[in-house]
Amino acid sequence: MSAASPAARRGAATRVVLYAILLVFAVIYLMPLYVMLTTSFKTLEEIHQGNMLALPGEWTLAPWREAWGSACIGLECNGVHGYFFNSIKIVIPAVLISGLLGAFNGYVLTKWKFRGHKIVFGLILFSCFIPFQIILLPMARVLGILHLANSTGGLVLVHIVYGIGFTTLFFRNFYASFPDELVRAAQLDGAGFFTIFFRILLPASVPIIVVTIIWQFTNVWNDFLFGVSFASGDSAPITVALNNLVNSSTGVKAYNVNMAAAMVAAVPTLIVYILAGKYFLRGLMSGSVKG
Amino acid sequence: MSNASPDRDGGARERLQRWLPKLVLSPSCVLVLFFVYGFIAWTSYISFSDSGMMPDYTWVGLHQWSRLWTSWTWGIALHNIWVFGLLYIVSCIVLGLILAILLDQRIRAEGVLRTIYLYPMALSFIVTGTAWQWFLNPGLGLEKTMHDLGWQSFSFNWLIDSNMAIYTVVIAAVWQATGFVMAMFLAGLRGIDGEMIKAAQIDGAPAWKIYARIIIPQLRPVFLSAVVVLAHLAIKSFDLIVAMTGGGPGNATAVPATFMYSYAFSRNEMGIAAASAVFMLAVIAALIIPYLYSELREPRS
Amino acid sequence: MHSNHNRALVNRLGFALLPFALALSTNTMAADTSTDNQVEVLNWWTSGSEAKALGALKDGLSDQGIGWKNMPVAGGAGTNAMAVLRSRITSGNPPTAAQVLGYDAQDWAQRDALSSLDEVAKAGNWNEVFPQPLQEFAKYDGHWIGAPFEIHSTNWVWANKSLMDELGIEQPKTWDDFIASMKKAKDAGYIGLAYGGQPWQDSTVFENVVLATGGADFYRKALIDLDPQALDSATMTQAFDHLRELLKYKDDNSPGRDWNLATAMVINGKALYQIMGDWAKGEFLNANLEPGKDFMCFRTPGTQDAVTFNSDLMIMFDTDDAEQQKMQQTMAKIIGSPEFQIAFSQIKGSVPARMDLSADKLDACAQSGYEQVQAAAKNHTLMGSMAHGYAAPASVKNAVFDIISSFVNSDMPSDVAAEQLAAAIQSATS
Amino acid sequence: MSFLHINNVHKRFGETHVLKGVDIAIEQGDFLVLVGPSGCGKSTLLNMIAGLDSISEGELLLDGRCINDVHPSRRDIAMVFQSYALYPSMTVAGNIGFGLEMRKVPRKERREAVDRVAKLLQIENLLDRKPGQLSGGQRQRVAMGRALVRDPQLFLFDEPLSNLDAKLRVDMRSEIKQLHQRLKTTIVYVTHDQVEAMTLATRIAVMRAGELQQLGTPHEVYDDPNNLFVAGFMGSPSMNLVKARIVEHDGVLVAQVATGDTTLALPIVRDREALSDWCGRDVILGLRPEAITDPASANHRDGNIHEAELPVDLIEPTGADLYVVTTLGDASVNARMRPGTPLRPGERTRFAFDVSRMVVFDPESERRIRDEQMIDSALEETA
């Protein structure tokens, strides 16, 4: 009976158009991922002869095996697995430490305000936005002096320093929504600075902890500029290794291996994102729009 | 007097408690002061020095700056960042807004679609650049696919055309960031008072007019945030260029970020590199500081 | 020294980086782990042939009871590794020695960072046996500061022999012949010139064209002396015209292509020629091709009388440790020795840096190459390669890259290009 | 010596002077309500008592001990916050017991104390819940439990009822009152709601812009306000304030109010001595709505009733009362009459003024014009 009404029919038609547009966009957005995935399962021969958009005629895991274990990056033919673990070695301490510092900062800046706390926050926050080119030269020198040049340790330090801005922003915005009275009540109850933080605020911070971890994880994992500037050779993170791999050539470009390696580099952030996409979205929001 | 001594003891502990917050904040402050502001100062100084391969603290005034501004590649880099930045910001905002409005129509699979639009943000450009580079490669990607499908006259060789290469970077960059902008707008749309829209509907306004006259004007803060975030992403864009074009063909897609890297690390021109970095910082600061200022002072009122 | 793959990033970045940009790096954190009789050597020779070539040095050292702590660079991050070397030296923790190129050795010497090799040089008569143009880089202020490993030259054409035979092409002697032969290939549906569209490759081709167009004197005046009049001259305009003509014979997909992919096009018979340094020979040999039979190597037509070269130098960092000093001297001595020079080039594809050796043990290409280098050294036509940092400092070199690549990738008129080249060099040297 | 003595306390935040020398003294068992409009400094004063804000100047004495520099946790004070400030990740029992835990009270004792308080507040069944699962009223109880469990010398309440809906607020109000009467504890209670102040307090401190306006029993503050502000602030509907002129009429001091075509002359019976100096000068009269009634409801015994016929502008029945609005001078005046009084807007009717309850203010200083002795006698009355 709804079909009878012309208005309803027009409404239904609009819905169809609406879904069609959204679907087309979805296809466009998925295309690169699709191409990467299918290509990584194709043989080189099929890549050169077949259609980019076609599914693999014959599925092969060889490109993945090669990318992981035996592809040549620069001159070493051990695949990306070593660099993958480099990235893990970098990402775990960097995320944990910058997250903890950010949590402390957010706690102090919202619950233990002092004269000039806004200026301090502004100064910390501004560090999120600086073009990192401005710190490349002195950082290279400082890392050298600290004997951290070309080591994963150096990258951990770099990511901590330049992650503090975002983690502080997240925790500050989150704790700002906690009533100050909570801290006052706890003080009256006799709890000190750390007790209040660890017993009262931190247990209630699970959502923002998840957001921060996801945000920092993707940022650190996906970093290229710092990796390429401060680490090379054996200590390079996966992004740098991937770029080197893709641009290493021995006469033939092994696109399938490149794509497999790209997928290896993408899988951790993709998994994190798909598993915790909602939180990720929230993290993006609190990173940009005032929460 | 017997209870005076525990009080005094408590005094010391209380003093510690009073200092604890600042003490806890101080490592971050020290790190940020040194690694951000100290480094900014150092780089700024270097931009006025005679530094080449190694830092050299001889003051040369504006020499490096005048070399920067007469540099031919810097001109290209500036031109490119203008073209890139403008197209990138406008396209992201237009597309992001459209997607957000479409998704806001009580769409059935909203969660899935949102995830699809947003996932590029989770990937490194080094990863997706690999795909895009291949996708847009005339000999292998889209062009070849179209030819295979029988569309022989199809031609898309922007990636290797020095006049068009920068646009391929725009395409990939927009693809990556639109989802993010969409998410911002979506959150903005959800935050709008529904009663106002009901009132407009009762007044008989058609849907597009409600959007154009009532809803979109209210998203002003989101526009502002989006522009700020996108502008700073654009100026910082580095891996995106490296992964897609490497700054080429020739210097066709050089931007300030790649310019600085090249002058600092391969051309032994630390002075010019520092000047270009300071310039980038100045542009971003001009954008960000007023924004941060307004964001931070607002809660006071 | 041309590692096959490790300039990946460098090339991709397209920052007009030399394939042999200084890529010194370490994969350990500090040198204080080095034991008493061990040398720590920064280098980027890690490909099969390069590592093997370096093995000659390692063996020589171990004969003297000196241990070897290799610090090879994997991956192509040459530029940032340079930053690492900088910070290691400023933080007072230099390696024993490092492999560097041309102007970088001079830069470090200028900073008093290097040990003098005068004693070894005197004993080995280096002043006589190494060609003068190379000494300009290996010596600073009259003192030896670098031990040259070898000489690479860049004005080579690599050709597919069977394709030449098929098309009835003789080895071209003049520029016009050269162009004519490529036209023939193009008309027959082949690619005339295998071309890698990266700034350093653009400039490698360009320096060949300049040398072929203007001759050795002009090359020196324009690209080494950086004479503004020569740079913005009719001859330079003509050189750009020639380059433009040459570019007609490349394929459209060249931008960004690695040099070895271009070499592969010659090997596969897709393309007739490639203009590239003698490291390209390694690719042919790897494909089990034989010089003279399967592929041809000849000087770029019009440049037969001259050689543009580059060379790896081992520089030793100044140290107070007497033990280390002794080992540095020993290492320099080994590098300068005739046996090492031959053995090294045999593996690496280059020719010895010493001019007083017998070429018997080298392959055909290297034999003729060595003769040509010797002749050029005698005739003062052995000149540093602009594209590889032996003609001008990095800042100038990259300014040149900017213009050349821009010319290659656009339809810039030749006279404008010459004018801009002069202006860019002027700006870089100001 | 008073139990809690706030002695000339100042608070400055940078340039702004938030508290300008406040003096308050209360006895053990007193229920002091700090009342005033927002921004008057009452919450700041409460926080200073708690030790959560520092004291810029002056002295704070609790049971004879100066606590200016004593840490909040050692002042033996408990506080109930406006937002309740329940620890979100702890159960109700954890919340209530946290203060004891911090004071290293053994687990068993703690459990007993928590159970005792939970029973007192009838929240035994909620002990294992998290604050997020509680209703507003339940949270309020937990917050009180957290304060009660510690059995402190002094309780502080910071607008504890303002987040509750109207009905619950009234219920909780009387519970707090009962609790106070049962436990005989000393309480300092901040509110901006003058009804709460009136119903709960044994002593009310009315504050405005960092200054104490009046300290007294609810009755004093209500009937005998120190100044125009206190008069206007306390009571709902608020006191009627009308411009008048003091004249001597046949040897009788009257306040003349020009209203429409007639002039109303209200005889002065209170503060006569002080007002005799004000002959021929303008003043402001203050009359509670309940002091203006219909003649039948008026208390005629003391002969202090003065009647006048005035127009009825508006009638507002509230069920219990009928408020009638008329015009006196140039001001609208509220009168409280018996419900069911047959009136219609536009009519004229007789109003009975209880002049014994009339207070008079100096229009310039806004101070009350009153006899010295009257204060003394008022104090004696209450004592």
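A, B, C and D label the chains in the order they appear, each numbered from 1.
As a convention for this text, a residue touches a chain if its C-beta (ideal position, glycine included) is under 8 Å from a C-beta of that chain, and two chains touch if they have at least 3 such contacts.
None of these values were measured; they are calculated from a predicted model.
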Shared touching chains for chain A and chain C?
B
If I rank A-B and A-D by number of C-beta contact pairs, which comes first?
A-B
Cα-centroid distance, chain A relative to chain D, in whole angstrom:
57
Averaged-CA centre spacing for the pair chain D and chain C, given as whole angstrom
92
For chain A versus chain B, what separation do you get between their C-alpha means, in angstrom?
15
Two-or-more-chain contact residues of chain C, please, as numbers and ranges.
11-12, 80, 83, 86, 90
Where chain D touches two or more other chains at once, the residues are 74
Which residue numbers or ranges of chain B touch two or more of the other chains?
17, 55, 242, 261, 264-265
Please give the residue numbers of chain B that touch chain A in the complex, ascending.
17, 20-22, 24-25, 27-29, 31-33, 35-40, 42-43, 46, 55, 99, 102-103, 105, 107, 113-128, 130-132, 134-135, 140-142, 144-145, 148-149, 175, 179-180, 183-184, 187-188, 221-222, 225-226, 229, 232, 235-236, 238-239, 242-243, 256-257, 260-261, 264-265, 270, 273-274, 276-278, 280-281, 284-285, 288-289, 292-293, 295-299
Report the residues of chain A in contact with chain C in the complex, numbered from low to high.
72-76, 137, 140-145, 147-151, 153, 228-236, 240-241, 243-253
Interfacial residue positions of chain D with respect to chain A in the complex
47, 50-52, 72-74, 77-79, 81-90, 98-99, 102-103, 146, 150, 158
Could you pull out which chain C residues touch chain B in their complex?
10-17, 21, 78-80, 82-83, 86, 90, 104, 107, 111, 197-199, 202, 252-256, 393-395, 398, 402-403, 405-410, 420, 423-424, 427-428, 430
Under the definition above, what is the set of chain A residues touching chain D in their complex?
179, 181-182, 184-191, 195, 199-200, 203-204
